[in-house]
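Got some structures for you, see below.
Same chain, two partners: chain A is paired with chain B first, then with chain C.
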Partner chain A sequence: MPGDATLVFIAIGGIFAFSFYAVLVAGQLSLGQAGFAAIAAFGSASLAPAPSEVGEIPALLIAVAIGMSVGALASIVLGLPTMHLRGVFLAIATLGFAEAVRILIINTESLGGAQGMSVPKVVTPAIAWVFLVLVAYWFWRQGPSRYGRALAAIREDELAARAMGIDVGRHRLQAFVTSGAVAGLYGVLWAYFVRLIAPEDFSFTTAIDGLVTAVVGGSTLFVGPILGSVFLTLVPDLQRAIGIDAGWIRPFLASLLLLLVILFLPGGLAGLIPRRVRMPAITGTDLGSAVAGLDPRRHPAAGEQVVRLRGLSKDYGGVHAVRDVDLEVTGGEIVGLIGPNGAGKTTLVNMISGLVRGTSGTVEVLGVRPGRTAVHRIAAAGVSRTFQHSRLFPRLTALENTLVGSHVVARPTFLRRLLWLPSARHDERQALQHAARCLERVGLADKGAVVASALSYGDQRRLEIARALAADPSLLILDEPAAGMNRVEAEQLSDLIGALGRDGLTILLIEHNVGMVMRTCTRIVVLNFGEVLATGTPEEIAGNPEVVEAYLGSAETEEEPR
Partner chain B sequence: MDIQQLLNGLFIGSIYALFAIGFTLVFGVLDRLNLAHPAVFTVAAFVGIELVEVGGLSIWAALPVVFVVGGLLGLVIERVAFRPLKGRPDAHFAGLISSIALAGMFIALLQWRYGPDTKRFPAESFPETTYKVLGAQVTGVQVAILLITVVLAVGLHLLVGRTRLGRGMRATAENPTAARVVGINVDRVSATTLAISSALGAVAGALFAMNVNSAQLGMGSAIELKGLAVIVVGGMASLPGALVGGLLLGLAEVFTVQYIGSSWRDLVAFGLLFLILVARPQGLFGTRKVREV
Partner chain C sequence: MRTPRIIGTTAAITLTLTVAACGSGDEDTGSGDGALVGEGSGADCQIDAAVPVGAALSLTGGAASYGESQRNGLELAVAHLNEQDGITYELTVEDDQTDPRQGITVFENFVGDDTSIIIGPTLSNGAFQAQPIAQESGVPVLAISNTAAGITEQGDYIFRDSLTEAQVIPQTIALAAETYDLEQVVVMYSNDDAFTESGYEVFASSLEEEGVEVSDTLTFSVSDTDFRPLLTEALAAEPDALVVSGLIEAAIPLVTQARDLGIDVPIIGGNGFNNPQLMTDAGASAEGVVVGAAWNSTSDIPENVEFLAAYEEEFGRAPDQFAAQAYAAMTIIDVAVRHNCSGERDDIQDGLNNIVDLPTVLGTLTINDDRDAEHEAVVQVVQDGAFAVLG
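After this line comes the complex of A and B, so read on.
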């Protein structure tokens, strides 16, 4: 049986690993947690009342409150200037912060300098495990909430998450602050268990240990950090128990195990736990947000302005990708955007969805100004899009991808899920229903449990549409949705787009399959070298010799594949 | 200004630079942070001492051997810690962890062979001669440290800029998939890059051990943090940046110790690092990568 100390170390090691998990789920690598923990440990040790004055448990609770607050506060201070950093850069910046904190503490006489401070021992295995369970509960409830899915989406593809209406900056900062508070909790529990805290307890090695625990345990399922901590705490004990204790064998085997886990268990230990994805039974077929119990959205009526471009241009260096385009789209229209490769179609829709800012001219879409307004606000206003090259969230299931799509119309559920409020359950069920209906609408009803990266190419294209539909958009932008589809699939897609148009959606369709555009659209705009070459009904466009020449080239050089 | 301190800063700074150049080479070409680099640095220090003590080599003859040992370790690192992760969506995080794990194994093996204690070069390994430069005392080892660093840095610069292998490295850095399409053996380029990187890190380790005449199992951790600071300050993936950053850090440290106090020395690196990351994330010499939409 493991001793008391082992039990405590498993618990607080798990809590520390959760502080890494908190950011890893959002795809952020931070190594600043040791710094937050140090600030919390030394802060609470100097500020909290002594157990002899107020009793052991009250003293510890006050210390925890102080530690978590200063941890969160420090992470805001560090997070605000560093949240624009990505990947390794964020890791190194936060590591630099943690080291700076450590050195500052070493040089602060009132905190004991390099010797550190003595702290009363209050934490017992029971106390440590209660805190571990509380933290694990928090992350268990976070996972399948709207907030948790948004973080996963950011981890998988930040740009697509933005286009789905997720405020990436705010979500990343929230994850970072959660991490700071949990690291603060770890710092306090550590201080109130080991009796003597020294700056060396919060070094680079400490941070690496925490990261390793989180990754070995698995950073996609909330039990991961606990499994990691049990595993890494018990390995040395086990080795001692079976009599391997030559000085070098223990670290060697521990490192070897770590290597094997990371190479052969990509999801960490938690990856061994089978995941069940249940598809909700579908009732009704309506995709409208009001019926789905989501925040209702009013779509522009026929004839109302949806998109208005005036003199819009975009230059890349000396290349004029889009030149002086005027375009208006009104409610219920299905507008086809065609033109040869490099005509500026994708650049144009990137400007309409706010991903790219025009060089000159104005864009107005559904009352907002893309290019001047954050991308997620454009999505919130009702613009939803697919991408020319699929940008699905590869490790999420089709159903989860679609649920992320509904971010802008779904209600936040995390806080209510923490309290087990029935309304959260109800909202989640509605969102699931809505997502399942969107999948059914594109013909993926039976693929909901499949991860996006495992879907066939055509199914991935369809899933992109389902994800865009889940936002209950007023303007749906489809960037080459039929690319790679065969004739039958393209016809089905064409029928679907027609049906969506009849439901009142305004659609902007970029497509090379001219036949499909002719069949589907009410109006066609032809771009060539960034300029509008012609615009009109399908019949007018088909009869326009200029268009035929520009689009198909002259007869000798023709190499149109379809 | 104190010439002696200035030179001391340059000597320690060139070891930082040599270490950081290897670090940043892997980051630049393979987009991976190789955290086994400091372990190679440590291994090289111990191996260097053994070559002199047991093998009877002079310290100068030991350096090329250390260079080769480092290169071989680099091949092991590539094969064990990085190649198996190819194509995994979490390759970034996983590569950090797998290289940490491999580093742990290297250090454990060092402990097995050499024990946990500090090792030193045998007495009289070092030439007695000292030189007077602008009134400051300089040892032969220190001069050699500076020269070797400059020669290796220039050599690497030429290799990357002028040779077929260097072209393959630059192409891989730009886009591994496209490099493969045009016929570059990306696996071989990766292995060679790690071998060169580790060989440089190994020479840095041996030089460091000569400079302070000691080697400890924990010597990699301190320089690891400094190496990270240097490559960020100089600009991730920038070789000249790593060189200049390393020298700057060495100078800044020496003068901090002299004018502020030795316990503040390590704050310099991180203060500098933090400022650069917030104000100019691409570093002094780096260029900002344009994100694709």
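After this line comes the complex of A and C, so read on.
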């Protein structure tokens, strides 16, 4: 058996790695955890009562409470101004924070400066592992909850996550605060085990250690940080046991081993664990949120206003992408938006879904004002969309992609899952059933367990529709859903859109396949050079000579040779 | 898909092996079979089994340069001792990587595998983290480079042969103040290192005691290499001397840059400056550097002369103080073992409490009631590219 110290270091190393995992699952690279840990360690060591006064366990628990609170607090203070930073910029900002904390502690005489501060040793292997299990439990329950899936969606594609109604800023901050609290826990356990805490224990190297542990273990499955910590803690032990001479050769071999793991296991050690995806048995076809037992949504009745554009324009520099467009869409309509490449179709729907803000004019969709309201609120109001170039969450399965789509109608389950409440299980089942029905509707029922990036192009397009449908939208925007599909696939898609329209769904369809638009839509709007060229029923449009000249003729000849 | 699976399997096997390997370490636990208790006493002591000595040193990481010297000193000493009749020592040198986790783990392993006495760790912060493990299990520890206050206060199994800053620095300041007629000085130190910071504290109190005025105190970081701005500031104060608490890595550029800027007053350094590398790398700039040290490299006592020659021959360069203190440690341990003619832990502890006036490379050494070593410190000055005794 490994010694006590090894067991403790595996456990607290795992906890530290979890503080990186907490943000990595949301796609954030933070190096500030060493700073949170330092604040927690020194804070709790100075504030908590001595074990000789209140007993060892109470003293440790008080220290943990203090440490986790100050860790979380520090992460809020740091997170508020830095949460809009991405990737390496966030890493640098948080690293700067950690360095500032370290230098502050070095220069604070009451904390012992560089010589550190002595702390009574309280932590035993059993205590350390209890905390590790609690932390791992937290992240285990978080994974397949609405909150956990939202974080994964943000990691995979932030823009698409916004369009699915996820409040990215709030979720990122929550993940960051979780990370701060867990790092704080690590700091306290470290302090109460190693007897002497010094600022050098919370340096840049420490942060890199934690990051490496999380990445080597795997940052997409909750056991990853534990596997990483077991691996990295045991490597030196193993080297000692097999008698490799102490010296430079050991860190060299350890680094080599690390390189091999990263090269051959890009998903970390946890990548070796097969993922199990259970598709629920599909029990119905109704895609309404109320039927699915989710938060019911009220859809606009036929004829009720859904979209209203007044004088909407968008300029990019000197280019007028969209010019003075007036458009109204009412409940139950299937409106086709056609026009040559560069006519401004995508810009127009981006303004309707709130991704792009108009230069002038007004947009009103389902009672909200896209462009002035955050994107996730537009989605929450009932706008759901697909993208011209698929923006799926590539490493999530088709089922998970669809579940993310239901974010705005699903109930939060994480906290109830922590308490193991039956209602959470019930809600998750409902959401799964709903997602499965959406997949079934687009013909992907048998592909639920396949990761999105492994799907064929046509299947990816259909999955985007399923994901959009999962939100039980009042307005569905489809941006060239048939692009790249063959004739048979396009016909099936056309049937699907028609059927959705017959169910009463309001649809805005951008499509190059004019035949499909003619077959499916109740009304067609033709854009050319950013302006509305014509609007009318399919018959009227087909008979409009201007439209034929501007668009139909040339498009037809381009399309045919395929 | 195939390669990852193979690597995965390899990783799994590696982990299994690790656990198995760790498991096998425990088999020979359970001392007290008396093999380490010998017959005879003193020089005639005969112990059949080899006495296991463990050393936890920083061979890699931040303090690697010290650990390497220490390992050399220990290995040389053990080789010399094992040539004598009666007792053989089995030295195991382990690397703590200048990392508290490794230091603690290495100590725990030594405690668990019947090591008779543990030497180390290299740094004082690491000592406070690891040595209590030995204290709790009743394993004697001999610290060979920890200079911080409070090391031996951790318990009655913790000894050291390295003089503390409080033993060396006051002598240095007193002698330098007298020799150079110091009235006011500028103090510089790196404030993010435990060793140099505690050194500074002793410097400050010693200067106060000697009535030397400190016109300015400047701090830098252990990783700094450009001291020109600080030195320019120091120059403006027109001090009689610069007092510097820094490691050798800072000492070399600092001394060179000071001389370049025209600071030709004495530069008084702490233990960190006591390294032949200073003269090698700083060259003529090192002239006039005053260093208080626990080891007089120019001492002509026979133990030291023999040590210098043997070290030079074995490793091709002159030893530093860390090597000398490591070498002395084995001399002390050997006498402690022979005291009761036993390699058992408690007998060695008893032996260490009875080290009086022992001739070592460090000079005549006594371990006092606080388990700290007492021997003469030396104040050296660099003259003609070598350390010479000041005064």
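We adopt the following convention: the second predicted complex is superposed on the first by the 550 of 562 C-alpha atoms of A that agree within 3 Å, B and C clash if a C-alpha of one lies under 4 Å from a C-alpha of the other, contacts with A are read in each partner's own complex, and residues count from 1 in each chain.
The rule we apply is simple: a contact is a pair of C-beta atoms (placed from the backbone, for glycine too) under 8 Å apart; a residue touches a chain by one contact, two chains touch by 3 or more.
Predicted, not measured: the structure shown is a model, and the values here were computed from it.
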Which of chain B and chain C A:Leu258 touches, first, second, both or neither: first
Partner chain in contact with A:Arg240 - chain B first, chain C second, else both or neither: second
First (chain B), second (chain C), both or neither touched by A:Trp248: both
Chain B versus chain C as contact partner of A:Phe9, first or second or both or neither: second
Chain B versus chain C as contact partner of A:Asn107, first or second or both or neither: both
Which of chain B and chain C A:Ala126 touches, first, second, both or neither: neither
Partner chain(s) touched by A:Ala454 [first = chain B, second = chain C, both, neither]: neither
Chain B versus chain C as contact partner of A:Ala302, first or second or both or neither: neither
Chain B versus chain C as contact partner of A:Ile76, first or second or both or neither: neither
Residues of chain A at both interfaces, chain B in one complex, chain C in the other: 103, 106-107, 114, 246-248, 250-251
Contact footprint of chain B on chain A as seen in their complex: 24, 29, 81-82, 84-85, 87-89, 92-93, 95-97, 99-100, 103-104, 106-107, 114, 159, 204-205, 208, 211-212, 215-216, 219, 246-252, 254-256, 258-259, 262-263, 266, 350, 355-356, 394-395
Interfacial residue positions of chain C with respect to chain A in the complex: 3-4, 7-8, 11-12, 14-15, 17-19, 21-26, 59-60, 93-95, 97, 100-102, 104-106, 108-109, 112, 124-125, 128-129, 132-133, 148, 191-194, 196-198
Residue ranges of chain A in contact with chain C within the complex: 1-6, 9, 13, 103, 106-107, 113-116, 118, 121, 194-196, 198-201, 230-231, 233-238, 240-242, 246-248, 250-251, 260-261, 264-265, 269, 271-272
Footprint of chain A on chain B - complex, ascending: 27, 33, 80-81, 84-85, 88-90, 92-94, 96-98, 100-105, 107-109, 111-112, 116, 221, 224-225, 228-229, 232, 236, 263-264, 266-267, 269-271, 273-274, 277-278, 281, 293
